[in-house]
Structure formats: structure tokens, C-alpha cells
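Structures incoming, each one as C-alpha cells.
Each of the next two complexes has chain A plus one other chain: chain B in the first, chain C in the second.
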Partner chain A sequence: MSKKGQIQLFETIAVLLVFFIIVGFGMAFYFYISKESAIKEHRRALELNAITTAQKVSTLPELDCIQVGVHLEKCFDTLKMDSFAKILNDPNMQAKDAYFDTIGYSKLKVIKIFPTGGAIDIYDNKPADSVSTEKTFLPINTYDPLSKIYGFAVLEVSFYER
Partner chain B sequence: MSKKSARQAAHRGRSARNIPLGRRRFKLGAVDIPFNYLFVMLAGGAILLGVFAFVQKQQKAFAEDVADTVLRDLGAITSGASVAKGTSQGVDIPNSDITLECTDECTCGMTLGAVTAQLKDNLVFGQNNLKGTKLILWAQDWNLPIRVSNFLFITTPRIKYYVIAAPNSKLLKTFKERIPDNIDMTYIEDANPNLNTGMIGGQKITNLGYDAVRIVSLSDQTAIPSGMKTCIKDISFQDGDVSCVVITPNKVVPGINNAFNVLLWDKNPGKMTYFYSYYVVVGETAALAAIFADNWHQFECNMRKAYMRLSFLSLLVSDRSNELYKQQSTICPSLSYPQKSDPNRNPPTPKNWFEKMADTSKALATNEEGAMYQGDITDSAFNEQPPGIQTATRNIIDLQKNLKEIEAKNRDLLRQDCPLLY
Partner chain C sequence: MKDSQHIDRRGQFEIMGLAVIVILVTLGVLFALSTLTGEDSGLQQTFEQKRLAVDFLKASLDTQAPDCAKATFRELFQDCMQARSIACKMGAAQKTSCEYLRQRYSELFGQTFEKYRQKYYFKVEGGGCLGEAAKLCAITQGNVVGSAGPMPCPGERETSSQPLPTRSGVITLTLEICS
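Our next item is the complex of A and B:
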């Protein structure tokens, strides 16, 4: 091969090498950005799921307060809370499976603040491969039909990430 | 070629052949340049191919990403709309072709391109193909009067509903008051419509280019007028999506006026023939759901899910009622609360209203026959008592009776200022 030809070939290879290095850097940067945005998107989806679940739970007829036939917004009946927890945690009823579409892999806890303290775990469905938890808090009213006393509580929805 | 040049060429050939191969001196410069071009072209081609494949892949991924985002946002909107009962809202979306479908196992979902979002527990009733840039969502609660769940009705401005009833029809008045104005409904008063010819209210209904047309026939009488015992067969609907629904009151249980007979006429694909499905439903909202449901399968899947919810809700209210019963002497001595049944007692205590209601609604949710009957359209078959519906009808009647008793009891409790049953 002539010297001129060899130089031209080396030139071409060098240009290609530089080109591929630039392309490589570009792709690495692109995939890094894509990964970051995918993580952000995943986080956003998780938060959205947690909020949606909290929103759904706060309007469930299984928990809501009814006053003179009128449904009260964001109010939980204390007797209903106990009964719902009982039904969901009864393995014979298979209610956990039936409500999975509504509540999914999450934990529902009502933290009572006023007039008494304490907490009620209504539902907990933690998958074995859970990696983290996204928590959402929602202030709610409570109503005790026995004493006819209203209270204040916080609904804690922990959404398990797999 | 001259003799001299021919001799010189022959000599060059001979002398080249005489030189050993390793020491031969070719004029390689003449090959170098084309080789370089060939190499550059091959490398360039490979790069172009790589870039093209990458762009293609990215384009596909982007389309899926957009579909995923739209469906996720739509899912959030759907969930939000589902919990906000009574609201009707228009949602602007990118120009899309969304498919709303339920599988044979009643897993319902919305599909956009290659991406499907599960609707999970959202009970969504709508036409299968939702095209365009706007969706209209309307949520209504299924209140029996125990509030069970919200039904979400979904439509687009490209879907047309014709609602036909006799003049001064009570049912038409009720539905007209409930259905929001942003849904494209045309109300036609006609005592004797003829769906076979499409002549309704003095005008002929033809396909005006809508994505889907639903003819809703309402009758205040239990018996269905003869002109409603079919669905439209106008040739202009040959390629269009047209279906019919007939709703009449079911007055089997005296004093209850919220049960309905529903007849859905689904078009046989590619033909101008129909098959019908017959249901008995409880609650105006369930009758409204039949108007918006694309087909019997979607309607049945959602109703089964709703009955299952009612079953669990009944058990919950039964448990709550038992707690109230235990405290009865202090909270409401004048009235009694239904006690939970105890099979271990001697004699065993019978099931209370709620437990019976739980059994009935579970039967409606799981019964293979469902609350429906399907058949071919023949007048003789249509006039007969559909055999498959009998069990379901019995269950519906039981459910209505229980609901009536529970409602009366709740009213009494309200009068005495006692904690209510539900």
C-alpha cells in the first residue's frame, strides 16, 4: 500500500474513532438524562398513586359519615372504621382481594388526634418485594355515632413501592 | 492499437509475470482511493443504519411514553371524577383514539396505541372507541339508598344519543333533569316510534357521520311498545356504530319505583342484524349506565363489580348494626337494631337484612347467568319469559324487598333521633 493511501486510511479511521467517541459520549449523556427522567417519572407516578388512593379511600362509602341521609365529605364513621378493618382482615371473607383494586399495595392508618388519641390500622397489604414507601397524609373528621361526637384525625396512606 | 504499443504491452505483461510475487510492484495508488471511498461508504452506511434504527426505536418509545402519560393522567382524572359524584366535566386531551374494553375475565382498561391502563375498581361506562380531543366525564353515585359506588360515564362530542319517549313521559323527564347539557343528547317525543324504519318523531334518523350513535327508548309502561322491539336498520348505519337500549320500569315489587328492565341491542359486527341482552337493574344510575355502556359485556362486567361491592358493604353495615345493637339500651331504647346472625346458637339466629342482602348481591355478582338473558331477535322469543333471567330476577326482587325494609327502618331511627343504620 502506498504511503499516501495508508495516511488516508488512518485519517478515515481516526475520524471514525473520534466520531464514535463523540457518539458514545452523546449516548451516555442521553441515557443518563433518560434514566434520571425515568426515575423522576416513576417517583411522580408513585406519588400520584398514593394521592389517588388517599382520595379514593377518603370517599369510600365503607367509611363515610352519613348525617340525616346526607353524605359528609372527608368524614369517617368510627364504627364503620372498626367494621371495615375487621372485614378486611378476616381471611375467610377474602375482602382484601376484593378491595385490592381500590387500595392496592398500601397501608391505611387513621391517627386520631381529637378528642382522644390512638390509631387504627384499617388495611395493610405489603408485598414481599417492597423497596420503599410513599406516604400521604389527609386530614379528616371522625364521627362516633354512639356518643354523637365529632373528632379530628389524620388518614395516613403508605403506598408500597415494588 | 499500433504494432509498437502492442509489443510494449506484451513485454510489460511478460516482465510482470517474470517478477516473483513478493517483489512485484503494483500501481496500488490506483486501488487506494476507491478502497477509501468504499470503506467510508460502508462505515457511513453502517452509521446511518445505526442512527436510523436508534431514531425508530426512540420514536416508538416516545409514542409509548406519550400514550403512557396521557393514560396515566386520564386515569388520575377518571379516579378524581369517580369520587366527585354529580359532576360533569370536559377534559381536553391530545388528539387520540382511545379504546375502552373489558376482557372476558372483566378486566377493563383504556388503551391508547400499544399502552393499556387498567381501570381497576373504577366503574366506567362508555363507547368502546373514544376519538378526538375532548372527553366528557360524568359521575353519578349508585345509591340504593345505601351509597355503593360511583359510576363514571364517559363520552365525546362525536358520540350522539337520541332519547325517545312518549309525550309527557315521566322517565324522560327524570333522565332529562339528570343528564348534563354538555352530553350530545337529542330528546324526541314520539308515542309510536318505529326503530325498524328509523322514522322517529316525524323525522328519519340517519347516520350523520358520528363515531357512534345510541338510540335510547324509554317507556313508562312495563310492556315495551312494538316499535321499540328492534334497533335501527337504516342502510346509512351499515359502516357506522349504532346500538339501541330500551328502558322500562320494573314494577314487580309494589312501592318500589327504582327498578328497571333494560334491553340492550348490540349490532352483529359487519351486519345490520342485532342480538339483545335483557337485564333487571336497581337504581336510576344503573339504568343511566345502560345508556352509556357500549355493549352488554361492558355493562355486565361493571354491574357485577358493583354488586360485589354491595355485598361487602352489606356485611360491613351488618357488623356496624350489631355494634349498635349491643349499645341499644343507651343509644336508642325505643327501637331495635338488626342483630348479627349466629349459626352456633341454639336455635341459630337468622340472617339479618344486611346479611341477606350480601348473599343476594354476591349471587348477582357471581351467578353465571348474571342478571341478564341474551337471545336472537324474534318477536315470539322476545314475548316469552326469558328463562335465564328468572334466578336473577328473583335475586333482584329479594334485594329490593330488603332495601325497602332497611330504608323504612332507617326512617324510623331518624324520627327517633337514633344513630342510623347506614
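Our next item is the complex of A and C:
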């Protein structure tokens, strides 16, 4: 009789053990999924920041083209671009700090594609503790006031993650 | 009798226990499948791709070609559909507006979508793509390639269209960004 009781007890313990192992696996799996979701959400927030920054920069009056008094969307004047880049990259002028609220920790690069090539680094503010970068690109026009020609370029925005 | 009843009851309890375990495991597997395989493209990605398609078309059509008497790409498309009076220089060679556009758009896509590994399909339609209009439709290109050449995005996509009026009919430019 006592042996039967022992066997039954072991059976019950075995069932409980299996049950708790299954629950344990379920919880581990749930935490893994939660972690992956949190990482995805964080990445999405970074992408959104990069897109928002690109949209803000594409409408800056310091860069935009003006035709007959009208500000053109997503068009950068090449002379304004060169001057703006020089001002922002001059450490004596401290202009970078003034634009931090608008542009933040990011890198703005205009890559000219047609009719001429070349790239201009307009702004680069990388924090010391940056761990990764999120990039987005925005097709824009460039206007050369000297030759009076509209070209095609890409505004590449890299948003630094801390 | 009592022993057989006792054995039956034990058997029933064991079966119930097994059934509970099977149900729990099945629910777990279903949950895992739905979470791991379900792709949520989200509103943000939709907006991003739509914005890209719209901005690319607009910027490219407003681009001017110094080799073609400073005509815009928009004007070159219209010329390709109509008179083909604009002559473009590419290096030492003379090209028609249709050939010029095909080459230039290939370069633009190479420096943008191809470089950023984005699948796309650019379709040019006009005049039913018959006769001379076939040269306009030959500008169509993409990096989703099938046996018959570039093909539309196979799955989800965001699309932007731009109609261009001409005397010979309407040209429709369609850019698809594949998800």
C-alpha cells in the first residue's frame, strides 16, 4: 500500500514538474517576444526621428530655392548650401548649437547626382556615446543660380542613436 | 470490481492531464506562429514609401538636362510622345529624348533605390504603347526582374502616379515602391 502511495506521489510530482517546465518555457518565450517588440519599437522611433529631421531640413529657408518670390519645396540652392555648410562647420561661429533644437544629433549630407556629382556634408553632430545610426534619404532638386539649372540630388539624413 | 473502477478513473485522470498539456502546447505554438510570422508594416512605413515615390517623381520631372537645351525631364517626356524635336547630346553621340530619358532614369535609380537596396518599378505609359509610342514605354524599368524583363512589385507596394498632358494624349508615369 505504501508503495502504491509512493508511486502515485511520484506521478503527481512528475506531472507538476512537466507543467512547470512548460510554463517556464512559455514565460521565457513571452519575455523574448516582448524584448524583440521593444527593439522594433525603438528602431521605428529612430526612423521617425530621421524622417522628421529630413522633412524639417528640406524646408529650411537657409537652404531653399526661391523663384519669383516663391519658396520651392524640397529644393536646395547650391550657393546657399555651400555657405550654410561653411557656417555650420566653422567651430568659431558656434552655429551648430543654434540648430541643435531643429536638427539634433544627426548628419546631413547632400549627394548631387545630376547633372554634376559630388557630395556636401552640411551638418554633422555625432554624440560621443552613439551606438548606431538610422539613415533615410529624400530626393530633392538643387538649383545653381550661376548656370540657372535645376539638378537632382539626394538628401541623406543619418540619425544617431545614443 | 472496485479495482477496475479505480483503474478506469485513474486512466481518465491521466487522459485529462495529457489533454491539458496538449492544449497548452498547441496554444503556445499558435501564439508563437502568429507573433513570429505576422509582419506589421505599419502606418509609418506606408507613409515613408509613399513620400519617397511622390518626392522622387516630382524631383526628377523638375530636373533640367543641360545636354538637351536645358529642357526639364517633364518636357523631354512630352517631346518623346510628340514631335521628338529635342536632340540630346550624350558624350559624342546624339540621342532622342526617349533614349536620353531611359539612360538618365537608369542612372538616377542606380544612385538612389539600387544604392539603398530598395525594390521599385517605374512604368511609363502613353499612346497605348503602340507604334512610335513604344519608344516612350521602353523607358519602363525596375529591379524586380521576371522572365519578360522588369515587372511590378509582387506583394505590397506604395504607388505614386503623375499624368503628363500632351497633344498626342496623356503620358502616365507610375512609380511603385515595393514593401
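Basically, the second predicted complex is superposed on the first by the 132 of 162 C-alpha atoms of A that agree within 3 Å, B and C clash if a C-alpha of one lies under 4 Å from a C-alpha of the other, contacts with A are read in each partner's own complex, and residues count from 1 in each chain.
The criterion applied here is as follows: a contact is a pair of C-beta atoms (placed from the backbone, for glycine too) under 8 Å apart; a residue touches a chain by one contact, two chains touch by 3 or more.
Keep in mind the model is a prediction, meaning the values are calculated, not measured.
Asker: A:Phe84 contacts which: chain B (first), chain C (second), both, neither?
Answerer: First partner only.
Asker: Contacts for A:Ile149 in the overlay, against chain B (first) and chain C (second): which applies, first, second, both or neither?
Answerer: A:Ile149: touches chain C, not chain B.
Asker: On the A-aligned overlay, A:Gly5 touches which partner chain: chain B = first, chain C = second, or both, or neither?
Answerer: Touch status of A:Gly5: first partner only.
Asker: A:Thr59 contacts which: chain B (first), chain C (second), both, neither?
Answerer: The answer is first: A:Thr59 touches chain B but not chain C.
Asker: Per the contact definition in the header, classify A:Phe19: touching chain B only (first), chain C only (second), both, or neither.
Answerer: Both partners.
Asker: In the overlay, answer first, second, both or neither for which of chain B and chain C A:Leu48 touches.
Answerer: After superposing on A, A:Leu48 lies in contact with both chain B and chain C.
Asker: Just to be sure I read the superposition right, which of the two partners does A:Ile140 touch: chain B = first, chain C = second, or both, or neither?
Answerer: After superposing on A, A:Ile140 lies in contact with chain C but is clear of chain B.
Asker: Quick one: name whichever of chain B and chain C touches more residues of chain A.
Answerer: B
Asker: Using the superposition on chain A described above, determine whether A:Asp121 touches chain B (first), chain C (second), both, or neither.
Answerer: neither
Asker: Taking the stated contact definition, name every residue in chain A that is touched by chain B in one complex and by chain C in the other, in rising order.
Answerer: Shared contact residues on chain A: 19, 48.
Asker: In their shared complex, at which residues does chain B touch chain A?
Answerer: Going by the criterion above, the answer is residues 28-29, 31-33, 35-36, 39-40, 43, 47, 72, 75-76, 79-80, 82-83, 120-121, 145-149, 308-309, 312-313, 315-317, 319-320, 323-324, 327, 330-331, 410, 414, 419-420, 422.
Asker: Report the residues of chain A in contact with chain C in the complex, numbered from low to high.
Answerer: 15, 18-19, 22, 25-26, 29, 33, 44, 47-48, 51, 74-75, 111, 113-115, 135-141, 147, 149-152, 154
Asker: Would you tell me which residues of chain C are touching chain A in their complex?
Answerer: 17, 21, 24-25, 28, 32, 35, 42, 44, 47-48, 51-52, 55-56, 58-60, 62-67, 70, 72, 104, 107-108, 111-112, 116
Asker: Could you list, by residue number, the parts of chain A that touch chain B in their complex?
Answerer: 1-2, 4-5, 8-9, 12, 16, 19, 45, 48, 52, 55-56, 58-59, 61-62, 64, 66, 68-69, 71, 77, 79-80, 82-84, 86-87, 93, 95, 98-99, 101-102, 145-146, 148
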